[in-house]
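Dropping the structures in below, format is structure tokens.
Shared between the two complexes below is chain A, which has chain B as its partner in the first and chain C in the second.
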Partner chain A sequence: MEVQKEFELAETAFTKESLPLRKNALEAFEKLGIPSMRHEEWKYTNIKAKLKQQLSLTTTDSQVNAAVKNYIASLPPYAFRLTFLNGVFHPELSIVPDLKGVTVCSLKEAFAHHTTLVEKHFGKLVNYSEEHFAALNTAFVTDGAFIHVQRNVIVNEPIYIQYFFTATDANAFTQTRNLVILEEGASLQFAEDFRNASNINVQYNHVAEVYVGKNAKVDVAKLQLEVSNAIGIHTLESSVERDGRFSAATITFSSPNTGTGNALIRNNVTARLVGENAHADLNGLYFGKETAHIDNHILVDHVAPNCTSNQLYKGVLNGEATGVFNGKIFVKPDAQKTNAFQSSKALLLSNEASINSKPQLEIFADDVKCSHGAAIGQLDENALFYLMARGITKEEATQILTYAFAHEVVDHVHSQPIRQFLCDKLKDELQLNF
Partner chain B sequence: MLSIKNLTVAVNGKEILKDFNLEIKAGEVHAIMGPNGTGKSTLAATLAGKEDYEVLSGEVIFKGKNLLEMDADERAREGVFLAFQYPVEIPGVSTTNFMKAAVNAKRKHNGLEPLDAKDFLKMMNEKSQLVEIKREFLSRSINEGFSGGEKKRNEIFQMAMLEPSLCILDETDSGLDIDALRIVANGVNKLRNAERSFLVITHYQRLLNYIVPDFVHVMFGGRIVKSGGKELALKLEAEGYDWVKEEVEMI
Partner chain C sequence: MSDSDKIIDEVVGNDYKYGFVTNIEQEFAEKGLTENTVRFISAKKNEPEWMLEWRLKAFRAWEKMEEPTWQNVHFPKINFQDIIYYAAPKKKKEIKSLDDVDPEIRATYDKLGIPIQEQKLLAGVAVDYVMDSESVITTFRESLKEKGIIFCSISEAIREHGTLVRKYLGSVVPQRDNYYAALNSAVFSDGSFVYIPKGVRCPMELSTYFRINAENTGQFERTLIIADEGSYVSYLEGCTAPMRDENQLHAAVVELITHDNAEIKYSTVQNWYPGDKEGKGGIYNFVTKRGMCKGVNSKISWTQVETGSAITWKYPSCILKGDNSIGEFYSVAVTNNYQQADTGTKMIHIGKNTRSRIVSKGISAGKSQNSYRGLVQVHGTADNAYNFSQCDSLLIGDKCGAHTFPYLEIKNNTGKVEHEATTSKIGEDLLFYCNQRGLTDEEAVSMIINGYCKEVFQHLPMEFAVEAQKLLSISLEGSVG
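Moving on, here comes the complex of A and B:
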């Protein structure tokens, strides 16, 4: 990537209001570059080798194709949605909510029309001076979604933010970004839905910043259900104030179907509990097949006292798929009476599949309850035999037991419509029709 | 229906069944009794197709087919049913969904379309009444948190759903209270017919008061050492196994 040259092209692509910040981020990225495996946080994910040399950060192709139309047609017709193709907003494919006390628009529009609000929040949760991909994203963001919910406003229906990839340019490296702000007592459910709707390999780098105000509630589902032949880097940063609740479910079904072996998904999900009595649920479910590589890096940062957090991650790896789980719990000196829980379980369905699982607890307060557990295993032979002894084939019995293992994570999704959606997807993925 | 000839089976290199022979005709009920550790469950699991059981010699013909060549799932679809001595708990899958998959697997095997939701529900209602199982149990995860007796009832419910030709009951009476024993036995009796055979493994003659067998066999050291009618069970109940043991040792 010739970053400097690309930036000259990108300068005018996004709003001029954002320029000073983007220039800072560019400078940071030029120092940081793409991380190598020598970097502690990228030890098991060789992103440097995976990303092509000649990536373009400024492609503008944004074609609608049949895959996109079909998918949109399959959604409930009334569902709120913001649709982006290769990072470009398509209002004609979107149903933007028009609700009292709620602002929903593209990030570009927000920079132009809600400048004060955006400038106060944009780039403030991600640490772009240290995070390679946050820096790159901040400098080169094409567009994304902006959601602001005013005090005590409850949004009842989920908003789907859809990122489709339809590009014909195999070198495109799409940079998208969401900014979500909830004022005190507000409530919102939304999904970030990523799909490769092209038949080529795609690369993208997505960042979301979510502000959860006092006593506000956010449920976010990160859906990575059709990310075959994708290299996707996701960053989700949240800060939760007093009595607020943030819950994120990251669901990855990565099954490369052309066997190019390029599927690589990295998720960085962070919840910072900055006000007393705040709560975070960070859950994840990932399925990897063939040569897929799925890396989940999670951090719950307990800054304020009396906060609680749960992490529940489950993975199912088949073929030669590899998984990485890194779950951090930081308890800062002031965060007394913290109650933090972490569980990571992986099911290895083949001898070649593997996972690197690492809990990382850093506790600087004395009156806290923290627990973590990790389990890596195979399917229970007795359960498999029990199902087969009733006439169910080994393949189907395996799918049923995988469903049993996985559904717990889906059950933890707070938003009922999103939970139902995921439950159906899980059955589809496992080809179960019960 | 079932013909077992000179069957020798090892588990972890140890011979458990030794030169075992048994013939079961359609419609017959055979009971097998015998001290702990003589290989009764090994026989049941071998017939059901558990992989850890290594058949060293012998043959098993079921409805004219070589049973030993089939995997466990195929045997079940062909009509073999094992009611487990220790039913397995499977959190996260309801008995309803489990039975939907099992019933449809069998239908597919017989060239039939899957049951639609309405017919399936009707079938569930019918069969659950047979063993007086409450509907709420069927929507719970398979056997999870069930009492010993509830698990056994669930086994017989599944048996009723799958309508097998050979029903192997491995100590289905153990852990049942008097009422549950009667309910389970009634359920089994309702399923008895001229085409369906039963192999009932039990330690207690009591069960055989309800499910009256055509034959009673005593198993010892991996083979049947004595066979008789239902009166043999009464004698065993009254006198224990010592006299059988002596008879065997004399030979």
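Moving on, here comes the complex of A and C:
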């Protein structure tokens, strides 16, 4: 990547005023580079070898192709959606909500019309001086969604933010970004949906920053359901104030039943509990097939006292798929009376599949209850036998039990329409019809 | 300070009682580390040529290596040229029995409470006593010899049992394994050697006491234990050091090898000087311990009670190579004041049906930091491997930290790996329950802590379990609250 040269050419979402931020981020990225496996956070994911050498950060190609049209037609009639093709906003494919007290637009537009609000929040949650891909994103972001919900406004319908990749340029490395701000007492559900609608390999690097104000409530669903032939790096950073609640579900299916499953997905999800009595729920479900590589890095940072957090991650790995789980719980010295729990489970369904798991606790306060549990294994032979003794084939029994295993995570998704959608997806994935 | 704070203070604040210095004549190597130092040590020990070559190979590798920085402990950079690599009590004549030992050393023994005479009467433990660099005396050798068991200092083993040592030394921890193992391989001065022949069950506990005495010295001992087919041995290790303001380095290497159906049980009660209440002084305990279950159905069990050292940084590990082999790790790590510990284990499953169990209990008090770091690796060949790990941390006081870094790397779908970790303080409900039954806060706390550690203590030999319990209350004295 010739970052310097591309930096001059790039058409980004920024205004002139925010140029120093971009420059700082670029400098940080030049210092950091692409991480190698020697970096502790990238110990099990060889991103350096996977990413091509010659990537272009300034592609603007955003053709609407037949696959996208068909796809959109097949989706449930969403009330609200924002559609991006290769990181470029397409208003004609979107249904932008027009609600009182709610601002929804593209990040580009937000930079132009809501400058003070954006500048106050943009780039403040991600640590671009240390995180390689956050730095790259901050320097090169093309566009993304901006959502601002005013005080005590409740948005009942979920907002779908769809990112399609239709690139014809196999070297494109798309940089997109969402900025979501909730004022005191506001409530919002939204989904970030990533799909590769092209038949070539795509690369993208997405960052989202979510501010949860006092007593506000956010439900995020990160959907990575059709991401075969993709290298995707996702970063989701949130800060939760007093009495706020943040819940995120990250669902990754490395391949639809037709895909080749050649995917590398990395998720960095962070919840920072900065006000008392805040709560975070971070859940995840991943299905890996063939040579897919799915890496989930989660961090719950307890900064304020009396906060609670829950993490539940489950994975099903088949073929030669590899999974990585790193869940961190930090409890800072002031965060007394913290309750933090984490559970990570993985099913290995084939002998070539593997998982590297690293649950991690770092605790600096004494009046806390923290625990983590990790289990890796296969389906219970007794349960399989029970079903088979009742005339169910082994294959079907495996699917039923896998469904039961995975459904627990889907159950944790708060937003009803998204939960229903995922439930159907899960059945599709497992070819179950009941 | 509330009442309960005071009690914790009392329970966690006892002073280090092994902080004395023994005045005996010693001889030293010159300060600093060069190739000549390695040659000097080798010559001092009358070592054969192959051993010198082996050391030099390690020294050259060490020169090229860099100090690791990934650990969760912090200390100023060690100046390796400011350490004396060899210090030994001057020998006046050949030592035949205990009575010939320098009375000062005997006195040291007694102060340490090593009950040699008593043990002799009870037909208990055979002891090898290592002061600074040199093994001082090994007891009970004759009666062990009758069974074919070799228990002697490693330098003697290098001279007398060269083929055995040459075959196994470095086979589990190679010279260039890591920075401190390479350093140890170059300059190790003494340690214990144990060989249990086929089918022999060692009739008594074997034990080594390590003592750092001289100033500015580093202690680099090397232990090698080989259990041949169908044999069994239980080995104990204890260590103490005087109180000094500067930090001293202890970098040991322990290698265990079990052949078919053999078992080694290795217990450590580590009580190096932890530094004073302001965190001044204390031992840097950077140790590489690893066992290899080479044969089928073999078993290695590590039990450790870590209460001393300014910094403890070690991972007693098992390589489960033989089918059906078993690895165990039981640990209690206590840190108080400014102590730091980064300890845990590695269980490498290679053979089929291999099993491992990890129980780690961390207790942090004062301003200390206590980390568990462990690796469970299941290779593709390790069908039906099973691991269970449990790491609990107890926090006493609000200035300390407890951290858990488990790594699970699973490449086989027939395996089963379970990991659980909890971190909490002593629950008020537990204290209340005890109070209600007439126990004072102090009794309640010590009872709860002992209960918490019981799972580990019960794996220690009896004499050690008693000592460990005492140690625990001493090192936690003055911190419960």
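Points to keep in mind about this one:
Assume the second predicted complex is superposed on the first by the 420 of 434 C-alpha atoms of A that agree within 3 Å, B and C clash if a C-alpha of one lies under 4 Å from a C-alpha of the other, contacts with A are read in each partner's own complex, and residues count from 1 in each chain.
Here is the rule we go by: a contact is a pair of C-beta atoms (placed from the backbone, for glycine too) under 8 Å apart; a residue touches a chain by one contact, two chains touch by 3 or more.
These numbers come from a predicted model, not from an experiment.
In the superposition on chain A, A:407 contacts chain B only, with no contact to chain C. Contact with chain C, but none with chain B, is seen for A:375 once the two complexes are overlaid on the shared chain. In the superposition on chain A, the chain among chain B and chain C reaching more residues of chain A is C. Once the two complexes are laid over each other on the shared chain, residue contacts for A:397 go to chain B alone; chain C is not touched.
Judged by the touch definition given at the top, the superposed model places A:385 against chain B, while chain C stays out of reach. In the superposition on chain A, no chain A position is in contact with chain B in one complex as well as with chain C in the other.
For chain C in complex with chain A, the residues that touch the partner chain are 70, 380, 393, 395-425. Contact residues of chain A toward chain C in the complex are 40, 333, 336, 346, 348-351, 353-378.
Chain B contributes residues 48-51, 71-73, 76-77, 81-82, 84, 87-88, 90-93, 96-102, 105-106, 109, 114, 141-142, 158, 162 to its touches with chain A in the complex.
On the chain A side of its complex with chain B, the touching residues are 380, 382-383, 385-394, 396-397, 400-401, 403-405, 407-408, 432-434.
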